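Alright, structures below, take your time with them.
Look at the two complexes coming up: chain A is in both, with chain B in one and chain C in the other.
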Partner chain A sequence: MEGYLDISQTRVRYGDNEILKGIDLSVRKGEFVALLGSSGCGKTTLLRTVAGFNTPTHGTISIGGRDVTRQPPDKRGMALVFQSYALWPHMSVDQNIGYGLKLRRVEAATARQRIDEMKALLGLQALGSRKPAELSGGQRQRVALGRALAINPDILLLDEPLSNLDARIRLTVRHEISALQRRLGITAVHVTHDREEAMVMADRIVIMNGGEIAQAGSPQEVYNKPNSDFVAAFMGAENVVEININVFGSSIGISEGPNNRKAVINRGDRTLSSGKAIARFRSEAVQMAAAGAPPASIQDGLVLTGTVAQVSYPGGLWRHVVHLGEVSLIVDSATRFDEGSAVEITVPETALYIFPHP
Partner chain B sequence: MPIPLLGLLLVTPALVIVLALFVVPLVSSITGAFAVDGKFGFANFHKAFELYSSDIVFTIVIISLSAVLIALLSIAIGGYLTLGSNPRAVAILRWLYRWPLFVPFIVVGQILRTFLAKNGLMNSMLMQLGILTPMQTTSFLDWRGIVIAFVWKQTPFVTLLLAGAMASLDRSMIESARNLGASRLRILIEIILPQVLPTLLVGLILSFVTMMSVLSVPLMINAQSPTMITASMAFRINAYGDYGVANALGVISLLTTSLVAWVYLRQTMREHR
Partner chain C sequence: MRTTMIDLKWIPRALGLGLLAFAIFGPLTNLVLWAVAEKWYFPHALPLQYGFSYWVSVFSPRGNATTSLTMSVIIACLTVIFSIGLAVPAGYALARLKLPFRGAILLVLLIPQAFPNLPVYVNIARLFYQIGLNGTVVGVVLVHVTHGLVYAVWIATAAFSAIDRELEEAARSMGASAFRTFRDVTLPIAAPGLLASAVFVFLESLDEFTGTYFVGAPDISTLPLLLYTAGSGGNYQIASITALILLVPSIAFMLVIERFLRADVLSKVGR
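For the complex of A and B:
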């Protein structure tokens, strides 16, 4: 696929540590891509490499077919919004937003107009003469965005821009940023460790792990069809049980175990071989019933039997900690099951992610 | 014993030492400046201005010029330490620039005396290189020598403070300016310098006061008139036993440093507000 921003075979090292181990990624014009991963996975390094603050030891980065691998940061037509906002404390909001224009020797009247445009776009009209220290977190974040957008960049790079905001403001700013990105039609690469943030904002999510891309795809794809145990866990399928499987034709048989009944499910597009495997599922994707209810058909999915150890109410659904021998699972249910009661948990095959045992 | 009284008792030794060793000599020196034959008068100041007004102007001009040069050099060195792209050059500079801090003023005077003289090392090197002929050589042992000595000795001190302040700035402030296309020089002048200006000012003021009190450098390097008032004071006492005029010069020196100290205090007050 020929994209607008092309990252190919990119490797970056800091001293003896190879941080990026060969990244291939292509971003279309106008696309909003989120780089998602836990700390240390290389997502920020990748963004900084794209921005020109790190030089890859191997590979190329090109924009619209132009190789920019060795170009300095300001020759790449990109604007970076920093996690700490990095506003200059001695300059007013207007001066911060207008600095890039000043560097480009934009005529004063034109610059004035552009600064006003940015302030109007971001709702900062009344704050032009304030210094960053006199602004709230959300306002600073918007000034940082305005400063980046004022120079009309081809690509907007966002390095965890929401992580310093209060939880409540963060929810609204997410939508503001993605609405703005769509309105301006700008290509954006956003780094975050927040799964929900990536899901809500991005057209495409790139999940990174240990300096490599673990999976890239639309939010629905990476959520519903994780291609590895890591991605499944990262996307919230945190419950794990070990199972034995038998692959035959288009079906997968799950043998009866100490805590699960025998089951047969469709293979779908899973590529698996018979033997030990691990099954993952999300807390809310299952059915829970009291043990001893009429046995479900073996085609309904994986049925697990266990005992409720703890119940809590986080809101909406009841959250149960269920013990299956050594294993403990977290299961949400609309009805409450008392502590100590024996339960059956049915995981439908669409919610069941099976991977080979490592 | 009531607590306030106990507290007072505890600070008494410190207070006595400050009074006996600092306040009393200072006050007696100041009053000495106004004592003429046991009576109050301004005769010492008249004489001081009559004989040494050119020295007073010389001192203030030399030290102000040195301060300006120190400021420029420390900004340049600090800027390179913060923004330099060649890690080896930065490391070498970081290692080198502090050395003069550990050299006493008298040794600086001694080093530069042999280096800057008409037949000194600097001129003989320039002659060896064929840049100067023996006829063209001049001695730098005048006001220029003093300025060189002060700048050589005090730049590391101001740089130490300034580079520390620069290093503690958020790196992403520099990167965001780079990202928008600012050159290193612009980043230094427009982004870094405004944020470390208070530190620079403090370093320069402390240097100013230090330079006001140096006797060895003018004695070693500038054995002519006009010279710095520290040398004039020493001369007044050693040659004439004239404490009155020496005290008057001391008060003038004190008033000059008080003026910059007032700037310093105002600055620190503003920082802590």
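For the complex of A and C:
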């Protein structure tokens, strides 16, 4: 599959540090790709490299078959929306939005029309003559977006554009941006450290870790089929227990341990070998019951036994901190279990992520 | 008892403020009095007769004040153009590029200030005499530029450093070339700082005496030289009037600086 934006074997270093360790990524025309990772994983460096502000030591970046690796940022036909918005303080909203058009020598009347169009699109009609200092955070963010969209960029690059907004505004702006991107059919690369933001906005999520791509796939894929312990943890499967497994044919046998019962699950497409392993699952993906209930079939999934140490109500479900010997888990349940009560936690096969012990 | 102690606390402060006011306004009052005094001699505390006859003679065609004032302004303007012309590229390079010995370069600009003025100017005068620059406007401007360049480059460097790099990157990303970015984004944002440095250079040039004296006199006469001649000739009225004329641009420009030199630029001076 030939992509529109092709990043191949890209390596970037700052001094002695190699920030990107060989990135291969291909973005289709009109696709919205989110680069997701914690700080320092290289996602912003990758975006800046695509934009032309970092030069790779190795590898190529091409747009529609045109190699742009050595081209300056202004020749790439991309527009970058900065985390700080980077609006020019000496220009009004209109001038900020219209600057790209001025550079392209667009006729005054046409430019005027385009600026008005952008303002209407982003709900900035009344603010044309204001300076950036006189705008709220959300308004600045929209001006920055309007400035980038006004020039009809081949690729829109977004560097955590929502991280400086209030939590409530952020939720609406998320949908505004992705609706706009779909409507205009723009190819977009979005950098974020917010998992939910990436899930909601992107067609494809690229999870980065330590300068490499950990996993790339649709939101459902990376959420339901994490390919590594890191991705599973990053995508919210934060409960972790150690188990012993036996792989035979299309099944995986989990031997009885101090805190879990014997179980047999389908191997599916997991590639594992027998021995020590770690199991991960999400707090809300399990069933909890009082201990002593009739033992379930060993094929229902992994059954863990522990005692409730703490209960709280964050809204919706009750949140329990459950101790399994040394291990402590967080488990959500519709019913409340008292502190000190013995419980059984059943993790269904589909919600159980098993990885080799590191 | 307690209340009287508190009441007395204002006395040292009032004394301090009074002394400060006297130190600032005492000489100024003296200056103003001399400028309008027709007759004033010992032991009288105040002038015996007031009038503007010296003002008339200072600004008369026979008096040198108008010529000196014009010359001072021309030299100051040329110094500003020359200094800022050099300081804009130099300041940008020092602020933005990864220059080796950046600190050393900033320090080198201070050297003309570090040595005693007199020997430096005597030697410059000797050098300029050999190449025919003595007694020319160009020669005096060059001397003033060595002075002005410190302010110009240091403040320009600070003004450029205070600009967020992302503002420039945003322009590049929109499709502006490096030069266009500098013209449309960097320069307008740095303009207040650059204006302030221009004002400093202008004032520095207007006030400069030693260098002008050695390199310019007697062919070039600026206001400070006129003031010196009048003062050393015992003509306090002419000297005071000249000093007042010199005071006007200083005060005017200080107001401009206060308006334009922002704290974030000031905090980066010399960094």
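In this text, the second predicted complex is superposed on the first by the 358 of 358 C-alpha atoms of A that agree within 3 Å, B and C clash if a C-alpha of one lies under 4 Å from a C-alpha of the other, contacts with A are read in each partner's own complex, and residues count from 1 in each chain.
What we mean here is this: contacts are C-beta pairs under 8 Å (C-beta built on N, C-alpha and C of every residue); 3 or more make two chains touch, one makes a residue touch a chain.
Predicted model only: the values in this text are computed from it and were never measured.
Taken together through their common chain A, the two structures put chain B and chain C in a clash. When the two complexes are overlaid on their common chain A, residue A:E18 makes contact with neither chain B nor chain C. Once the two complexes are overlaid on the shared chain, A:D74 sits against chain B and chain C alike. Contacts of A:D154 after superposition on the shared chain: neither chain B nor chain C is touched. When the shared chain is aligned, chain B and chain C each come close enough to touch A:F82.
Residue overlap on chain A between the chain B contacts of one complex and the chain C contacts of the other covers 51-53, 72-74, 78-80, 82, 84, 86-90, 99-100, 103-104, 147, 151. Of all the residues in chain A, the ones that touch chain B in their complex are 51-53, 72-74, 78-80, 82-84, 86-90, 99-100, 103-104, 147, 151. Interface residues of chain C, counted against chain A in their complex, comprise 164, 166-167, 169-178, 180, 184-185, 188-189. Residues of chain A that touch chain C in their complex: 51-53, 72-74, 77-80, 82, 84, 86-90, 99-100, 103-104, 147-148, 151, 157. Chain B contributes residues 170, 172-173, 175-182, 186, 190-191, 194-195 to its touches with chain A in the complex.
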